[in-house]
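For reference, the structure is listed below as structure tokens.
Chains: A, B, C, D and E, in written order; residue numbering restarts at 1 for each.
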Amino acid sequence: MIDKKHIAIIGGGIAGQEAASVLTGLGYKVTILEKNERMGGMLNKWSKLFPDFSSSQLVLDAVKVATDKNLNVICNADIFSVQKENGRFKLSDNSSLDVYADAVIMSTGYNLFDATLKEEYGYGVFENVITSADFEKVHKSGEKLTTADGKAPRRVAFIHCVGSRDAKTGNTYCSKVCCITGVKQAIEVTQMWPECEVFNFYMDLRLYGSKYDALYLEAQKHHKIQFIRGRLSEVSERQGKELQLKAEDTLQGRPLRMKTDIVVLLIGMEACKQNEDLCRDNALELDENRFFKSKNIYNHRNSSTQSGVFLAGSCICPMSVNESLESARSAAMLVDKSLKVQER
Amino acid sequence: MRTMMQKLREDVRLKEGLNACMGCGICTAVCPAAEYFEYDPRSIVVTVQSGNEEKIRKLIESDTIWMCGQCMSCKPRCPRNNCPGLIISVLRRVSQETGAFVKSRLGRQQYLILKTIGTNILETGYCVYPASVVPETHPEQGDVWKWIYDNKEAVYERVGANLDKEGPGAMRKIGRENLDELERVFAESGGQTLFTSIVEYSRAYAKESGFVDANGQPDMEKYTDFLLNEDNDEK
Amino acid sequence: MKNSQVNVTKEIADDNYFYLRSCIRQNFFPGAENVFLDILKNKLGKNIIDNANHTSCTGIGYHSDIVPYETYQTMVARQFALMTEHGFRNAAVSCITSYGGYHEVLETWKEFPEEEAKARKNLKNATGRCFEIPENISHSCDIIYRFRHDIAELAKYKLINKQTGKPLRIVDHIGCHYAKIFPDKGVGGAEKNTVLSAVVEAWGGESVDYPERRHCCGFGFRHYLVKNNRSYSISNSKKKFESMEPYCPDMIVTNCPGCNMFLDKWQYALAKIEGKTYSGDKNGIPVLSSEELAALVLGYNPWDIGLQMHQVDVEPLLEKIGFDYNPDEKYLDANGNFMGKPEFIGCLD
Amino acid sequence: MSQFDFLQPKSRQIEIEQFDDRILTYVLEREQSFLTCISCGGCTATCSAGNLTSFNVRKIGLSLRRGNINDLSDEVQKCMFCGKCTLVCPRDINIRNVVLLIKKGIAQLETEKTL
Amino acid sequence: MEALLHRKIFRKNPVLGYMHMSLAFGWFLLIVVGHLETMIAEHSLFVPFHKAVFFRYYEGFDEFFLSGLFSFLMDFLLLFVLSGLMFAIVKRFRKKLFGLRRTTHLKSGDKIALTSLWLIFPLRLLAESTSAAVYHNGGFLTSGVGAAIDFIGNPAIFYYPLWMAYSLSLGFFFVALPNSRYMHIPTEVVFIFLRVAGIRLKKQNDSYTDVQVFSCSRCGICLDKCQLSVAGIDDSQSVYLLKNIRNKNLSDEKLFNCLMCGRCQVDCPVGIETIELRTVQRIESTREYNSSYDYLIQEVATKADVVYFAGCMTHLTPRVISSMKKIFATAEEDVWFMDEVKAPCCGRPLMLAGQYEAARKLIENNSRMILDSGAHTLVVSCPICYKVFKEDYKLPDVEVVFHAQYIYDLIHSGKLSVDTSNQRMVYHDPCELGRGMGMYETPRKLLGRIGEVVHMKDEKEYAFCCGGSLGNLKISEDKRKLLRDQALVTYEGFSPDILVTACPKCKKTFAAGRKLKVFDLAEIVAGAICVDSLSKEKEILEKQEADCYAVEGL
């Protein structure tokens, strides 16, 4: 009796929507609970996708769930409690909203690292220090990236691993997508300003995905982007809001100082703060990085530690767009499988 | 025979200072010494982390470990919560305990520091003492310091200090009973052993290098002169 | 920096301090320590004790590696024992090296209790003394920071250029061991430390940021102690001066006695070597500690607090503030007799 | 001021602004493949000359990029042109030609003071 | 004679050969026969040159001895030349018919000369024909054409203008000649004479280089032989090199963009030493910055009968080394592996880059090592090394042997026995070994003992370069791959089981193409060593091991 079963999806980003369309396709009744006013999640903030510079809108349009009699979308629903009652799940938000479901998919996504926590990089203090998310905003608006006083930058420095792989910020894991984002955005800067010199400061270039390394090669070959292996130590402001960077050129074993007009911090992904609330009234657990813990990371990656609650997308760990979508589809299939088993 | 690594590990500061280094270079980037010397704290940490006996032995015999200025600017930046400055302290300690320090020019200077700061501590209870800041050897202290030095009593008295006098106050004379306690602390906690180690290895090195008096004993005055003038290779 | 994002709130005891002196400060700026005690006792009405039995913490020896860590821990334990014996739980530390050292030792004891046990045993065997862990360890600049508004209320002068009416442009230098070893032990943390800038602003001055603000003054322990090594020291100070030069600071304020001395003396040495100052005049940029600055705004006689012991002349600064002082008393001894004067003051002839 | 003879401040910090990029430009105009170096060190590992003396091909590339012409002109002399580096380079960089161009560029700089 | 006939051109393409022969040889005969004719007509051994050339202009009505025969002969020769000319014109526009894919580009001097050259003979025909019409002194051709002219109008009107035009075109040609490719006509004769006399290029520019440079007719035969064309490189071939040297505008980019494979030299009709000429230019170009290699220190040599020098490249093909070791061990040779741990490069790659002086330093260092070892034989397994050891090292009493030869001798003397198989092998001639050192047969004989070596058209001196050549410092890796694939595709066409070569660089280059399994011949031999000898090898190894233990006291 599939059509009687109701599945609640927390989070209406691309993973939530993808899972919803698979499940409605299978005949389930689905409710998406989105905490923001509009669907689409973090991808709304992104302009172009790596590695081929497709517009993020293409993905957003593709995942947009068709109106379906079985689909109910509730925006501004900030769920803070998931409880199991009589074999069903009760989801509640701060207002009087209560949703009952036979299964729940968590697709709460991720938060961006708050770059102000990395004080020595001066985000929020120096106007010409921006984050990768700020850069996307500029790019999406169709404007060109300029310094705070509207000038064309002569030099831009991208800083990798901001809020990732850093015990000082409490995030010791790798956010995985920032390296390729750094390469992509560096190319975009040279596309905006062909005369601009672009430097990327990295520790390891973790270009793990298909065709990512080709983009790196392209960045070097055709865009003359320079990669310096060394973690940025500090940013300070000189007169005229020009920035000064300190890093080690580790391949030479010498400290390096550089002036630059703009610094772009490639901020990492963090687990959503709400995840903690969502774990409170059930058996859900978080892993050491505060993402949802899978039952096991190999063959039960989409299963949470609470039976009946499934995980999709970057609430499990940092993921790229395509990984997130794949994860969502497999979560949906798992829901289907487990409800059918229950039925029997 | 304990290995170098075992000796290093005995010092609790190695545990505090070394978690796991990923070689990002953030320490070198901010290091005041790296800017002026052929010096790279990152590579020191990597060497210690490697646990390679031969490399560590070479390291503690080298000038490199003596280049750190102990400012600890590396500490707040390390993404892995390491502290290269602390690791270097441990290396220096082992270098002095094993006598490796006499094999490098900068290491040998420990004898000079012992003779100045060590003597100050034990004899006056202060690390720095006005009478030992001699203007001739401290030209950068300038004319004002020379004036103070020449008029110590009057100047210190004028600004309310209690130079070399009983009772509390700035630059007061630290009483014998306190100095005795200090000496006993040094004897009890290994400070004296380290002093002896530095002196003995330096004497042996002085003798080996031909700084001997008429009786064939190490001539430490000549050796001190040698150390004071032993110059930077790069000059 | 006003708009610091991360506020490290640090606990600073508000009374009953056991004063721990600094070797370098006593040596070069003894007046600063005296006036600090005087301000606390007589202006702010606090209880602070200056004990005759405490010695150097041997931190300079420790960081120049002739004093092993066990010995250093035991020496620190002895200071704590004196505190305990006098019934004090709050330390007021004059020296930044000691300040960092005390925290380092406490941190080690927290991580490795066996080290504390060893230190207790060593101390007991050597001196028969026992100690309790202090409740609070604050640096003198912390205490000034804590009472900055009280001092501002009592102040006779503001850090304002009397002629132009504009705030004095003041750059700060924080001693490395104040917050770099333990960022949560410094007001504002290691990166955007506010302990001095807040003081400067509370007293009417303008705190000016400069790129190398966080860079070390270049003391480097063994790098200064051995004459042949001093190029390290001066080079790093020079780096700081070059970085602050474009901002035309009226003065430098520091919390560390060593930095205070080096930033003062290296300006002179650089002028001798390179024929250049970084102040736009021949005198150089005056360098004051937070104690001296507090004394100035409170109107203490500059010669009582030892400002004549600075190589860079402070008189131009006094003029800017419009300070009422008697230049003729500068070189008079306690009895009003002339005690000779330095051949040369300032940096350039 | 002989009393200050111990004071010889000289920074070894790399200042990107002060790069002497004349040789780099000369090389890049003629051998674009150098742009794609990822400093993996494969060249240094296989180098015949590096086996005999302290010669580091990877660092040649870095010195070139960082404009350390002094380091370059001494170091580049050590190369034996055997071509093993080119054979192992994962980015197919024509390292032999890069070295040839550096040698040529430096020789021209020395004789003509321009490039 | 060679200068006129150029048998190599015939070999390249008979039509092209005929073209050049008819023009060069035909014209030559026209001059000789014409001179003879004039001599007979004038009854004098010394006739003015112009008289002979313009004989028909002067020759009036007089009949003389054999005049009929001469008329016929002269007309026949003219026809011969004209036929060649026709081909030449066709070639300009339809080069494929001549087996040429590319021809050289002309410059203005060439164009004037070429136009004059093309005009000379038709004008001569017309002029002589008018003469024939006027004086009735022509042979079968001229009188025929003369009759036609007579039919059109009064030949006397055309008479002077045509002779004038003919002499003008002749004049133009000789004036344009020094500035054109046709300079080769006079220079080549000198060059061929000198070459036959055994004179060769030195390592610097001198008058002999000039002679060679000016001997180039820019026929363009080298263009097609050059594999670089496959990769779209068409401005650095030998013909352009010579042109650039002549015009003093040779750039490094062109100078060093050559594989130095020698394919062009094989086919050059004039026999210009293209590779040596280029080497000289490279030496000149890099003279300023030869390295001193001060850091080289003399390592201690080990005494042995045989020294094995694997070379830099072989160290990247460890299978070749292990095969050589196996062969040495099986044959029980007393061998010192000189560069097993470290040794300088042989110096050849430096020479290819023009740095002969620098290479000297490496050669000295290596020579001393080899001589110190007291060996009588030096075995090398890399043709790049082989060439330099053989040609540039002075190693008295040491025989430098390429591993193919050395292994062949081992087998021949019974020290090594190999099994045969029916493997079909294509053998790739490495440039440095084949064209470079002339060693074609030994590897084939050696491989022939083990399997079947497929015979191909493009082999031996016509073999392809693998594309990996160290001679080219400019070509990108992508382009190298095109050259490699050209060779590989050809070899694949013979459907061999394996591809065998005798050069580690060729081996690595081909292996990366992943079309055929590639082996060095040492690997083939090592893999074919008889079981008998294998057990012997095992015995030896065990004995060596036992000795080791004995020494270490275990």
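By definition in this document, a contact is a pair of C-beta atoms (placed from the backbone, for glycine too) under 8 Å apart; a residue touches a chain by one contact, two chains touch by 3 or more.
Only a predicted model underlies this, so the values are computations on that prediction, with no experimental measurement involved.
Peer 1: In terms of CA centroid distance, which chain is the most far removed from chain E?
Peer 2: So the farthest one, by centre of C-alpha atoms, is C.
Peer 1: Looking at every pair of chains, which has the largest contact count?
Peer 2: More C-beta pairs are in contact between B-C than between any other chains.
Peer 1: Just to be sure I understand: the centre of a chain is the mean of its C-alpha atoms, right? Then which chain's centre is nearest the mean of all of them?
Peer 2: Taking the mean of C-alpha atoms per chain, the most central one is D.
Peer 1: Take the average of all CA coordinates in chain B, do the same for chain C, and state the distance between these two points in whole angstrom.
Peer 2: That gives a centre separation of 22 Å.
Peer 1: Return the distance between the CA-based centres of chain A and chain D, expressed in whole Å.
Peer 2: Chain centroid spacing, chain A to chain D, equals 40 Å.
Peer 1: How big is the gap, in whole Å, between where the Cα atoms of chain D centre and where those of chain E centre?
Peer 2: 36
Peer 1: Express in whole angstrom the distance between the two chain centres, defined as the mean CA positions of chain B and chain E.
Peer 2: Each chain reduced to its C-alpha mean, chain B and chain E end up 72 Å apart.
Peer 1: Where in chain B do residues touch two or more other chains at once?
Peer 2: Within chain B, the residues that touch at least two other chains are 30, 34-37, 76, 139-140.
Peer 1: Show the residues in chain C shared as contacts by 2 or more other chains, in ascending order.
Peer 2: 190-191, 214, 227-231, 234-235, 239, 269
Peer 1: Spell out, as numbers or ranges, the residues of chain D touching 2 or more other chains.
Peer 2: Residues 4, 7-13 of chain D each touch two or more of the other chains.
Peer 1: Report the residues of chain A in contact with chain C in the complex, numbered from low to high.
Peer 2: Those residues of chain A that touch chain C are 116-117, 119-120, 123-125, 234, 236-239, 244.
Peer 1: Write out the stretch or stretches of chain C touching chain B in their complex.
Peer 2: So the residues of chain C touching chain B come out as 21, 23-28, 30-31, 33-35, 50-53, 55-56, 58-61, 63-71, 73-75, 78, 100, 107-108, 111-112, 115, 119, 122-123, 125-127, 176-177, 179-181, 183, 190-191, 214-216, 218-223, 225-232, 234-236, 239, 265-266, 268-269, 303-306, 308-311, 332-334, 339-345.
Peer 1: With touch defined as at the start, can you tell me which chain C residues reach chain A in the complex?
Peer 2: On the chain C side, the touching residues are 1, 3-6, 189-192, 209-214, 246-247.
Peer 1: Given the complex with chain D, which residues does chain A contribute to the contact?
Peer 2: Counting only chain A, the residues touching chain D are 199, 205, 217, 220-221, 224, 226-227, 229, 249, 251-252, 254-259.
Peer 1: Along chain D, where are the residues that touch chain E in the complex?
Peer 2: Residues of chain D touching chain E: 30, 33, 46, 48-49, 51-53, 77-84, 86-88, 92, 94, 96-97, 100, 103-104, 106-107, 111.
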